[in-house]
Amino acid sequence: MITLLDLFSIAAISAGAFFFFAGTVGLLRFPDALTRMHALAKADNVGLGLVALGLIPRAESALSALKLIVIWALVLLSAASTTQLIGRALRRGRK
Amino acid sequence: MTAELGTATPGGYLLVLAILLPLAGIILSFTPGGRNAERAALCSTPFGFALACAIAFHVGQGGKPIVYAIGGLPPPLGIALRADGISAVMLIAAAAIVTAAAFYARTKFATPDGIRESRSALTFWILLQAIWAALIIIFVGGDLFNLYVALEILTFAAVPLVCIDGRAETLAAALRYLLFALFGSISYLLGVALFYGAHGTLDISLLAQRVQATPVVWTAAALMTAGLLAKTALFPVHLWLPPAHANAPAAASAVLSGLVVKGSFFLTLRLWFYVLPALPTDKIAAVLGWLGSAAVIMGSIVALRQARLKLLIAYSTVAQIGYLFLVFPLAAGAHAWSAIGWSAGLMQVLAHAFAKAAMFFSAGLLAEALGHDQIARLGGAARALPLTFLSIALGGLSLIGLPPSGGFSAKWLMLQASIASGQWLWSLPILAGSLLAAGYVYRILAPALSDGEVSLELRPKRSHEMIALALTAIAIALGFAPQTFFDFLEIGHPVAAGPP
Amino acid sequence: MTPSVLAGLVGATLVGLGLYGLILHPHPLRKLLAFNLMGSGVFLVFGIVARRGAAAGFRFDPVPQAMVITGIVVAFAASALAVALILRLSEESSRVTLDPEAWTKPDSGDAK
Amino acid sequence: MSLLPYLDIGLALLVVVVAVWTIAARDLFTSVVGYVAYGLLLAFVWIRLYAPDVALTEAAVGGGVTGVLLITAGKRLGARKNVAPEAQPGLAFRLLTGVLAALVAGALGAVILMLPDPPPSLAPEAAAAADGAGAGLGNPITAVLMSYRSFDTMLEKMVLILAVVGVWSVGTDKAWGGAPAPFRRPKPYAPMVFLAQMLAPVGVLIGIHIFWTGANAPGGAFQGGALLAAMWMVTMMARLAEPPRIDTQRLRLALVAGPAVFLIIGLAGKVVAGSFFAYPPALAKPIILFIEAFMLLSIAAALPMLVAGPPSERADQ
């Protein structure tokens, strides 16, 4: 018995998985480190966000739903910071 | 599951106290820091010696091992501590040598005036207590994983002592030692995992009842033995030992050579004689015996070729460790001669511990007095430093195995066991090792006794010479050990207690 | 093939790989990495022992798992000590090597 | 029919491939990076073995903190460039080692398949004891660590102190008492500062949460302490905090707090509960949480000090 919420979950998680896939293709196909990082960070942020969104209706309690959101926020934060740091390391390396 | 019968025997609580005393010493050394480290070590070692004697008293009085289940929880879920005859004797030996090392090191590792705390002093005193604590756990531990943690404490305490003076040479020696020791620990731990997977317990006495000769048990035993051999520096995995022991400060060398390698050897004994007495171990015992024989010959020959006194003594440790492993073929099974082999092995452990500690102490005094430890330049040194050389000569006597000494008793008993058991082949390395040892001891004494002028940079303290001499006196006195002493060593020994 | 058997085989492979690297790599930091690899293989063996011991309503035997936690912390402490030694050795000397021959100076008998 | 077995096989292959890469990589730094990735993958394996406590520890200590340690070391060694490429061992030696390693791995694999069935287990004993001495701890691993095998746990905390002493002792005499070198030499960098400011409060909260729930759910002092340690390290990397001088009493107290409290309560157990390291059943849970709180502090202090290395003469400049 598939409810509307299930459909929503399937759609959101599938969309998230697509973004991950696109990000991975980008990682493999883009020519240099900066563009690869761009593909990875952007796609992963959106992809993980969609997966988390899809899982929220399936969470057991409000607290676990909140945890999902916190996880996404933490990944956003770390992805943003690490891409900055790696980018700077790259720029210094080129000079 | 409250306290069942048998969770603690009279005097069992002493085992916990004996372990907690040096641990408390470490904590008190570290937290206020500074000179407290030295004070804590010097105060706790005599107390520890008294505790070890009390434990021996209880073991001897009851005539059976004393046991303490920590937290009142008996194995398999809890951890038990057990002290039998050999534990009690080793506890006393360890306490005596650590106490001697502590008082010997007072001048070299005193915190200099005017500063609150110095690197080498704080490190030395904390690590000395840590070595001692680890050894106590190794001697009384009854649980294989608990013993793993103790082995790691021993590693973490021994390695930084090697490079305490910070020269590149000693750092490299310490790093090699660390890598060998880590390999040893992880290999041991893998064996522990397999033992647990096969029998659901790590308690030594429970395992002894449950083990059977299955491939899992053989693999576990092989892995643990390989790890322990790397830590004991048995030939051919001995290469880390000479640079590490020869470059450490004398007080540390004495403890490393006299005691630390005996810790992992003790666990090898525990493994084969206490966990696996039910297994047919003839072939393994023969392999260990061959490796030991090779160590005796190789170690002695390389010792003969050393130019530096401390390196010579360190290679002699490699050789003397070889003798220890002859105990496996000579004490196997439940024959009349097994008990002789067993006594011989333990006597060798004790005699070497005291003699070698004294020799390293003396070599340290010598190096400080002369400013070098080149054997070729020792001419006339014996006349200038008679007491120091008396210790070296008497220690050497025990290493060679000349009567009367502990070393003589050990080697004599080994010969007896090898002939009584019909394994006369083992008497060859024993005799060859003695001849070679006579050679390298002569190499030290001959130039020192010859004529020559030496200039002393520093006259060694009389108290330091007396500490070394006292330890050699014990090594000699072991040669007069009465039969009751050997009976005491048999307390709790499974082969003696049960059927073959 | 159950996950625990699979993990056990992975553990055995890791022990072999680690042993190979530990013996063969000349650089001490590479040796340390190999040691850690070997260590994690050993911990996996504990892990499958724990998983197989599922009983009495537990999905695992807690005792080996607790041992792994202790083991991981100890292995980390060992790595830290080794790294400190390697870095100091590289400061003190122009060569980071464990080759005993490199340190044998036959005529330096001076006690320091 | 489920996908899970295939995922398991894929994960296993991935772990082995990354491990081979770590060993086979030509370059030191590549190998270090491979090892860090390997540590994170291993956490998934632990989840599949129903070992969330171990997975948390592996991710935090095995992958995380060890990763920082090794990457820092690899970078410093790489910068010094004095790691002369040594003569590679000869082919015969390589082959021999390979055969030896393969033999060990093969024997071990075979023996693992031979482990007895039904497997022995202490789970029933632990379940039975959980009503008594385990005393109300919902997480059996915490019960093992803090009650049945508390002696091991206390000794392991002593190992951490000794490791700190060992790491410090590798420094120079002149530097003794000073602070370890800062985590990053250059000036603070804005994104790092931003990360530390955002992450540290959340991380500390999560760390304390993991410690607190550890009595009943996966987690505990180890995992919580490792997280707190990581947050302190992030703060130090952003230069929002500097490594403390090693002779400060506050640091020393924090380092010994865990084992010291453990030791005192263990001694008191003889008087209060009749046996060393026993707890009175009614009070077991609060006492265990009390000890764990101090252990949390000690771990959070010890791990960053181990990564920071010995005191440095340049730290004060």
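Structural remarks
Going in written order, the chains are labelled A, B, C and D, and every chain counts its residues from 1.
Basically, a contact is a pair of C-beta atoms (placed from the backbone, for glycine too) under 8 Å apart; a residue touches a chain by one contact, two chains touch by 3 or more.
Computed from a prediction, not measured in an experiment: that's the story for all the values here.
Fewest steps needed to get from chain A to chain B, stepping only to touching chains, is 2. No other pair of chains has as many C-beta pairs in contact as C-D. Centroids built from CA atoms put chain D at 13 Å from chain C. One inter-chain figure worth recording: chain B and chain C are separated by 25 Å, centre to centre, where each centre is the mean of the chain's CA atoms. With centres taken as mean Cα positions, chain C sits 34 Å from chain A. Chain centres here are Cα means. That of chain A falls 28 Å from that of chain D. Residue positions 15, 32, 45, 48-49, 52-53, 63, 67, 70, 74-75, 77-78, 81, 85-86, 88, 97 of chain C each touch two or more of the other chains. Touching two or more other chains at once are residues 77, 145, 149, 152, 156, 159-160, 163, 166, 171, 190, 194, 196-197, 200 of chain B. All chain pairs in contact, by the document's touch criterion: A-D, B-C, B-D, C-D. Interface of chain D with chain A (complex): residues 189, 191-192, 194-195, 198-199, 202. For chain D in complex with chain B, the residues that touch the partner chain are 107-108, 110-112, 114-116, 119-122, 125-126, 128-129, 132-133, 147-152, 155-156, 158-159, 161-163, 165-166, 168-173, 176-177, 247, 249, 252-253, 255-256, 259-260, 263, 266-267, 269-270, 273-279.
Within the complex formed with chain C, the residues of chain D that make contact are 5, 8-9, 12, 15-16, 19-20, 22-23, 28, 31-32, 35, 38-39, 42, 45-46, 48-51, 53-54, 57-58, 61-62, 65-66, 69-70, 73-74, 76-77, 80, 82-84, 86-89, 93-94, 97-98, 100-102, 104-106, 108-109, 112-113, 115, 119-124, 126-128, 140-141, 143-145, 148-149, 152-153, 156, 159-160, 162-163, 166-167, 170-171, 222, 299, 303, 306-307, 309-310. The touching residues of chain C, counted against chain B in their complex, run 15, 22, 28, 31-32, 35, 38-39, 42, 45-46, 48-49, 52-53, 63-64, 67, 70-71, 74-75, 77-78, 81-82, 85-86, 88-89, 92-93, 97-98, 100, 102-103, 106-107, 109-112. Of all residues in chain B, only 1-3, 7-8, 13, 16, 20, 23-24, 26-27, 30-33, 68-73, 76-79, 116-120, 122-123, 126-127, 130, 133, 137, 145-146, 149-150, 152-153, 156-157, 159-160, 163-164, 166, 171, 190, 194, 196-201, 214-216, 219 touch chain D in the complex they form.
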